[in-house]
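Reading through the structure tokens given below for one structure.
Naming follows writing order (A, B, C, D, E, F and G), and every chain is counted from residue 1.
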Amino acid sequence: MTDIVIAILATSGAVFTLLAAVGIVRMPDLYLRISVTTKAASLGIGLILFCTALYFKETSVTTKVLAIIFFIFLTAPVSAHLIGRAAYIIGVPLWVHTIVDHLEGKYDKNKNDELSSEE
Amino acid sequence: MSLHEYLFYIIMPILALSVLLIFVRFVIGPSITDRVVALDLLIITGMGLIAVYSILTDQPTFLDIAMIFALLAFLSSVAFSFYLKQRRKND
Amino acid sequence: MRTWFLLNVLLTIVWVALTGSYSYMNFTFGYVIGYGVIWILGRRDQGKKYVTLLPKVVNFVFFFLHQIVKANLQVAFDVITPHDYMKPGIVRVPLDASTDFEITMLANFISLTPGTLSLDVSNDKKVLYVHCMYLESEAAFVHEVKNGFERRLLEIMR
Amino acid sequence: MNTIILRTASIYLLPLLLIFSIFILLRGHYLPGGGFVGGLVASVAFVLHALAHGTTETRKILGIHPGFFIPMGLSVSLISASLPLYAGKALMTGLWYPDPIPVIGSIGTALFFDVGVYIVVVGVVLTIILSLSEASQR
Amino acid sequence: MNLLLAIVTGLLYAAGLYLVLRRSLVKLILGLILLGNGVNLLIFLMGRLVKGHPPIIADGKVIVDGIFADPVPQALILTAIVISFGLQSFAIILIQRVYKVVKTDDLDEINTTDDYA
Amino acid sequence: MAIAILAGFIFALLVPFTGKIIHDKLQFLPALLPLSLFIWFSTFLFIGLPPSISESTEWAFGASLSFVCDGLSLIFALLITGVGVLVFAYCATYMKKHPYLPRFYAYLSIFMASMLGLVLSGNAITLFIFWELTSISSFFLIGFNNREEPSRKSALVALAVTGFGGLALLAAVLIMGYLTGTYEISAMLQNPEVFTDSPYFVLILVLILLAAFTKSAQFPFHFWLPGAMKAPTPVSTYLHSATMVKAGIYLLFRFSPAFRSEALWGELLMVIGAITMLYGAFHSLLRSDLKGILAYTTISALGTLTFLIGIGTELAITAALIFVMVHALYKAALFLVAGIADHQTHTRDIQLLGGLRKVMPLVSIIAFVSALSGAGIPLTFGFIGKDLIYESTLHSNGSAVLLTFIALAANVLVGAAGFFAGIKPFAGKLPAALSTTVAPVAGLWLPPMVLAVLSLFFGMFPGFLFEPLIAPALNALGDVAYYPQLKLWHGFNSVFWLSMGTIAAATAIYLFTKPYMVLGHLPAKLNFMAPETIALRMGKLYTDTAVYWNKGFQSGYLRYYILISISTVVALAAAVHLPGFHWHFELDMIRNVTPYEWILITILISSVFITVLTDSRLTAVAAMGVIGFAICLIFVIYGAPDLAMTQFSIDTLTVILFVLVLYKLPRYLKLTPGASKVRDGILSILFGTFITGIVLDVLSAPKPNEVSQFYMDNAYLLAKGKNVVNVILVDFRGLDTMIEITVLAVAAIGVFGLLKLRTVKGES
Amino acid sequence: MIKENILFLPLVIHLFAAIIMLFGWGKVWFQRWFSMGSNALAVALSAWLFLVVWKGGILTAHAGGWAPPFGITLVADTLSVSLVLITSIIGLAVSIFSAASIISQRVKFGYFPILQILILGLNGAFLTGDLFNLYVWFEIIIISSFVLLTIGGERVQLEAAVKYFTLNMLSSIIFLTAIAIVYGLTGTLNMADLALKIPAVEQTHLVELTAILFLAGFGTKAAIFPFYFWLPSSYHTPPDAVSAIFGGLLTKLGVYAIIRVFSLLYADSALINEILSIAAGCTILAGASAAIVQNNLRKIFSYLIICHIGFMIAGIAMGSALALVGVIFYLFHDIVVKTNLFMLAGLTHRITGTSSLRDLGGIYDKYPLIALLLAVPLFSLVGVPPLSGFWPKLALITAGFSDSRWIMTGFIILGSFLTLLAIAKVWAEVFWKTPPEFSVRPNFTFWEKFENKRKLMYLLPIGFLSAISLFIGFGAGWVQVVAERISAELSDTLHYVNAVLQLPNI
């Protein structure tokens, strides 16, 4: 029974990961690649890690797995944000079909780390 | 097919294939940020490989490595983005 | 609220120590019992907010999982089919969330959802810039964010 | 870096990673980990904090100059290594408390030695990285 | 796998050497790091490959039964890695200082100490 | 006897601290040292040489402080201390004003002690030690006027030549010691067949001759001696005429009993001696500098001595022994006189000097007597010497006529040169420039006076010398068969006519020619083929080559250093490894490789290539990250979790460091030309292939597991840990870890210093 | 405390000293005095250790209490303890010299703790009986020397450091590769154990290969041809006190490692001896020739280091007992003299403000007593008999003749001759010559401006080492006895192995 659950979870995890992998190759610009990959992979790896918890059925392993998953879900969006932001600042181009860019011109030319205030 | 065989013959290859694909992005770039994203993802996927491998070898202790991977992947993303902006600043 | 949560944790620990079983189930059980005790004791005054928090959290978790799965499938479909359906754009979302913690949580949840990515927060913390993959209309997207993630999050956190 | 998302996240990451690092340190004698990796994780925690908040903030949290950890750690290690000399044994001979305790295992000089390693690593990595980022901000 | 890893080891040595022979300071350090990786792999191989059996005594046991990966090379590599980390970090800072002071990272211009004084 | 030698060294240590006293009140105090020694040695003349004057203390490596005073040593010891007394006394006046007088005395007494040690040593190594010390003290004395470039240069040249000879002597002594098993000279020379019959005989011979010839200024090594005249005149008198240059002669005397039987010895000595004496004699006539003339006549005299020893008959040896003394007496006197002339007139050029007899009649008599002795006029000691020389050449077996002719020619020239040096400055009119010249004080003329008196005394009563001095010396050299008659008058035999002819010819040259004016330009003209020029040019060639070689090797280009080092390693290692290396490929070797391993390897290899080939530094760094990641996964797969953790943490930290540093650095430039890329590529591939081969080779061998098995068995039981790797790190091999963290600590301190420390410019 | 624990003391003392000084970070006077004090204590401890070993024979101590070959064993035979003693003496001298000459800015940035750690590393390397541990000691020496080399961060220092670092790292990598292969063949790292196991390895070509790799690794540290390039490009750049300890000890460590490893693991390898012979000749020639043509005082000394390393390598290549006596004797002499020479260079630099022969001069006229003092190391180096350099050369040349190694002996003689010329030139230029004028340097405190105490601290270590040189020269008999015992111990591998592995003596 557990084995089947594990198999299912592992499969879906692996598939999500594969999706992310395909996505990162296929997506046309960096921002889309980040959008696609970070979460899909996080989800996929989270699922696979959960399999290990189920498989070993030990408190210590489960704790660890939960900790890792928590950690991934805490850090993945932060690093996605950081890289996306850095990319934007250094001028990594958006996809040509991007329809709107509200950030355009918002970064101070001199202090490009600073996003100007709204007022 | 036992769970181990399933993991070994199906899951591992899928993950390995993902790794390869991600690596393709790493190779083709084109911008350095692409490579950074690819590296990040590579490490995350590596965690999956390690998790499966820990089941295959019955060694839960490998999970600690996965934890370290997660931590350091984050750190390197932070560092790279720090660098990218600093470089811009100093250009 | 923190006090109440700590009280709950304390009660859980007492329970676990009393029963002497350190399994996850027992922890959860101890937490539920402690929660019940708090619910009974404090439902009329400040404890009320804490007591009502749990359903909200559960609600949010399900909402979030739903979002994730939905978005994932959408992205997945896009990825595996040859045609690109994306209509990406960077959208300016005005914020009601005011503390750093609230903004961070919101931004992270938005990022975690496939197809959207929080790019930056303005210096005065009033605006969040979000990169969105399937942007049908800007207003709709902003509304979706504000009524979806932001509202639910702020409900829990305030 | 000027992003509240990172800054906020790093505030929560710091204690989490420190706990994790101590965990890694203490169980090193039984399972993978130990003073070195533990120390690295701890320093990574502070480095993250420094990258997010700037070194001044991090120094405030540390309280003392990170370089000070180096002699501290070295002396912990060296003292636990040379304690056996006073007991008439060779340098670094393990002296053990008789009964093992859970998670950590046996308490003995080797453990304190590893703690010293941990502290040294924290001191070294932080000294290097904090001085470097200070120098690069100049 | 022995064969593949032997080739990889050789490749790391070769690449390290090649980079060390360039004129850029950065490449010099990268080359040294690659060489360090090569050495680590070589030490690891010298302990002979054993798959999936880390040298850890299982719960409830007092010795390791059966086959196990040789722990000695692992310990040696750990020591070597840490040491090279110390050296490398110093070297990395050094190249920064060199660049600041000499204003070049071209190794060919860093040869005043061999001049006839 | 050791005390006698030591006295000089102790004196040298004390004298620099005497301060002013040595300049005035106690100015003659230093002369007491050689005087007392001279008296001590003189006692041997009267009480005879007790057979047991040999003291021995083991030192090290076969050297022992053993001193033997036989007849030969005694002659030299008396010369050294005797001339020493006079020179020291002379200096007291001559150098009185010199600020460096104390150290001058120190050098001089070191020299005297060393020279005594040299002639008294019974041990060959000790002899060598003193030999070198004489060279060194000579170096200091030649360079005594240290502020003058020519002085320094001459000192260097002299040291180079004599130092070279010294090493030859060392080599010779060591080979002989090795062959005979002893360094005690007497024992060494007891069975000369041991080395005369050995295959190394010629080598030993050549080495000894090199030593002797360099020290005694034989052609073509003579050139340092004229240069040595840059030293103050007393030094020239003492070292470069009377004593030190005779050290080589002493050596030849000492070893002649052992080598005499070999024809080569005699032939070489005669040839070189003859060339030297003619060369020196001829050159002496071309000089107008007083000391130059004296230097070349000294060279000629040294050649004569070598020549005589080469003839090797008892008569010749006797002649040589006598001539040593003759030469010391007259040449020292002439040098001191030259010093007086210089001191009083501030010039040494005989073209400018003249008529000084009017100012300093006493000195002119001294000079006259000495010059006559040099020319071999009867009633002077020189006559006895010349007499014996002609006798030995005439009685030599073989080409007596030729030898006699050579001796004659040299004597004529040297005699004339002696006149130019000893008579010319005093004869004729006093030039106007010298009109203010005053007579020297007694402290200056007394010492040469003693010498001149002795020249006359021994010239008239040569027999005094034989019993106490010459006979024991001959004895010491193993010659007992024939005692030549030392007397003033032998009758009108051929020897007498030769002597007379010599005098007549020399006088004629002096009176009727001015070779230093007519031919004075010759030395400069022929300079290009002078041995000195050739030697210096060879030295220059050598230093040029050294510069060239040094610039080639120590080019400053790091990559060439690496290239050379690694190529050497690869070449050497391949040379030993390839012959024993047999390897063949089997498919089995890769059959068990799983797909994920293939992928890992693919990634790893590609990343290596990216690192090497990319144009972007950051990509290279990121690719390094991937390499680390892949290696880390390999570690995981093959059971090394600790390694994986550490490797990955370290890699990441390194990447971070790089990243923090990189943006300060310039971008990669295309710097290296293609050709060197190919070259480096080939070397790298060879290196890599070689490593791969080694790895496979080792992996095909069995590995004993004793140590790891011990760790696995005892990690828990004895060291209370279950993670064996960690137990090794903190317990079994904890010392490594202790040092390792110290390494980290040092690195951190270093980084901190690099980043924060700025030294004040200029201060260091 | 058990007797064997004495062995740890020369290590522990320096590490403790370093740590305590790190706690006193930035306290200049404390660091200076504490460093000198601990070095003085170290001399006493080393002397004690020397006496214990001299009386009782080879002493071993097992870190962690693990019997060899399982733990790391420290082995003190006569060679090791002699070198530890000399290192301590040099350490004391350099410490005093540093206290006088190292500016307070450098002291504030950890100069003295790192000096202590460098000495610690040297002592450790001399005492260890474990191959990998030797590598670790080598590394600590590299890193601390690296830091000392760069401390202050002046341009030449940095440039030098790049070369120093790279070539030393490469040698470490080669060394480590060799260790790995040895481990892969034998499964052990204890040198005594290896001495037993290596002969049993069937693939002799691999064994010889490791010998070559070790040779390259150690050869780089020892600065033999063609691995010496790092030395002349770096040794003249750091502060003089640093050059002094580098020049005295670091290359000699390489020589020690060659002696130790080759006498234990590859005794009587004809191939290695052949290679060493060629290397020795080239080393002598390269070093001496370059020394002749250099114009920087410290560079001349640097090249002379190389030349004289060649002497020692030549002796090792000859391999006879007498040759080894010569090598050991030379090692002792050279350590003392080279350290002293670089301090001398420091002193002349302090007096004249320059290290270039062109601008140097006048010391003989102005400071005759200093000139006299400095003459001792200079002429000891040349091997003017009977000073210290003479005796080992005597032994080496004799050994060369006894083994009919004519060419190599010729090289030694040639090297001696060229050394003589180089030093004579130094003497003439630095001491005799009247300098153009003493250079004017802002911010530079000339010797004349020093107060007497500081002058004394400059002269004290030079005088101290000169006295030791004189002792080695005039008391050559005693040193010979020590060297002969070491030579005998080195030839008797079995005795060493038995002492370490505690097998019953056969």
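Simple rule for what comes next: a contact is a pair of C-beta atoms (placed from the backbone, for glycine too) under 8 Å apart; a residue touches a chain by one contact, two chains touch by 3 or more.
Quick caveat: nothing in here was measured; it's all calculated off a predicted structure.
S.K.: Identify the chains adjacent to both chain C and chain G in the sense defined at the top.
M.R.: Expected: D.
S.K.: Pretend chain B isn't there and tell me which chains still hang together through touching.
M.R.: Connectivity without chain B: one piece.
S.K.: Need the graph distance between chain A and chain E over the touch network, please.
M.R.: Counted as steps through touching chains, the separation is 2.
S.K.: Sort out for me whether D-E or A-B is joined by the greater number of C-beta contact pairs.
M.R.: A-B
S.K.: Where the centre means the average of the CA atoms, what chain is farthest from chain B?
M.R.: F
S.K.: Calculate how many whole Å lie between the centre of chain D and the centre of chain G, each centre taken as the average of the chain's C-alpha atoms.
M.R.: The computed centroid separation for chain D versus chain G comes out at 36 Å.
S.K.: Using mean CA coordinates as chain centres, what's the chain D-chain F distance in Å?
M.R.: So the centre of chain D lies 61 Å away from the centre of chain F.
S.K.: Which integer distance in Å separates the CA centroid of chain A from that of chain C?
M.R.: Centres of chain A and chain C (C-alpha means) sit 17 Å apart.
S.K.: For chain B versus chain F, what separation do you get between their C-alpha means, in angstrom?
M.R.: Those two chain centres are 70 Å apart.
S.K.: Got the chain B residues that touch at least 2 other chains?
M.R.: Within chain B, the residues that touch at least two other chains are 15, 17, 19, 36, 53, 59, 61, 64-65, 67-68, 71-72, 74-75, 78-82, 85-87.
S.K.: Among all residues of chain G, which ones touch two or more of the remaining chains?
M.R.: Residues 15, 18, 22, 63-64, 132, 136, 139, 143, 146-147, 150, 153-154, 162-163, 166, 170, 177, 181, 184, 187, 189, 232-233, 293 of chain G each touch two or more of the other chains.
S.K.: When you check chain A against every other chain, which residues touch at least two of them?
M.R.: 22, 34, 38, 42, 67, 71, 74-76, 78, 81-82, 85, 113-115
S.K.: Pairs of chains that touch, anyone?
M.R.: A-B, A-C, A-D, B-D, B-E, B-F, C-D, D-E, D-F, D-G, E-F, E-G, F-G
S.K.: List the residues on chain E that touch chain B in their complex, please.
M.R.: Residues in contact with chain B: 52-54, 56.
S.K.: Going by the contact rule set out above, which residues of chain A touch chain B in the complex?
M.R.: So the residues of chain A in touch with chain B come to 3, 6-7, 10-11, 13-15, 17-18, 20-22, 24-25, 30, 33-34, 37-38, 41-42, 44-45, 48-49, 51-52, 55-56, 58, 60-61, 64-65, 67-68, 71-72, 75-76, 78-79, 82-83, 85-87, 89-90, 92, 112-113.
S.K.: Which part of chain E faces chain F closely enough to touch in the complex?
M.R.: Against chain F, the touching part of chain E is residues 1-15, 17-30, 33-34, 37-38, 40-42, 44-58, 61-64, 68-72, 74-75, 77-79, 81-83, 85-90, 92-97, 99-100, 104-108, 110-116.
S.K.: For chain A, which residues count as touching chain C in their complex?
M.R.: So the residues of chain A in touch with chain C come to 16, 19, 22-23, 26-29, 31-32, 34-36, 38-40, 42-43, 59, 62, 73-74, 76-78, 80-81, 84-85, 88, 94-95, 97-103, 106, 114-119.
S.K.: List the residues on chain G that touch chain E in their complex, please.
M.R.: Chain G reaches chain E through residues 132, 135-136, 139, 142-143, 146-147, 150, 153-156, 158-163, 165-166, 169-170, 173, 176-177, 179-181, 183-184, 187, 189, 232-234, 236-237, 293-296, 299, 355-356.
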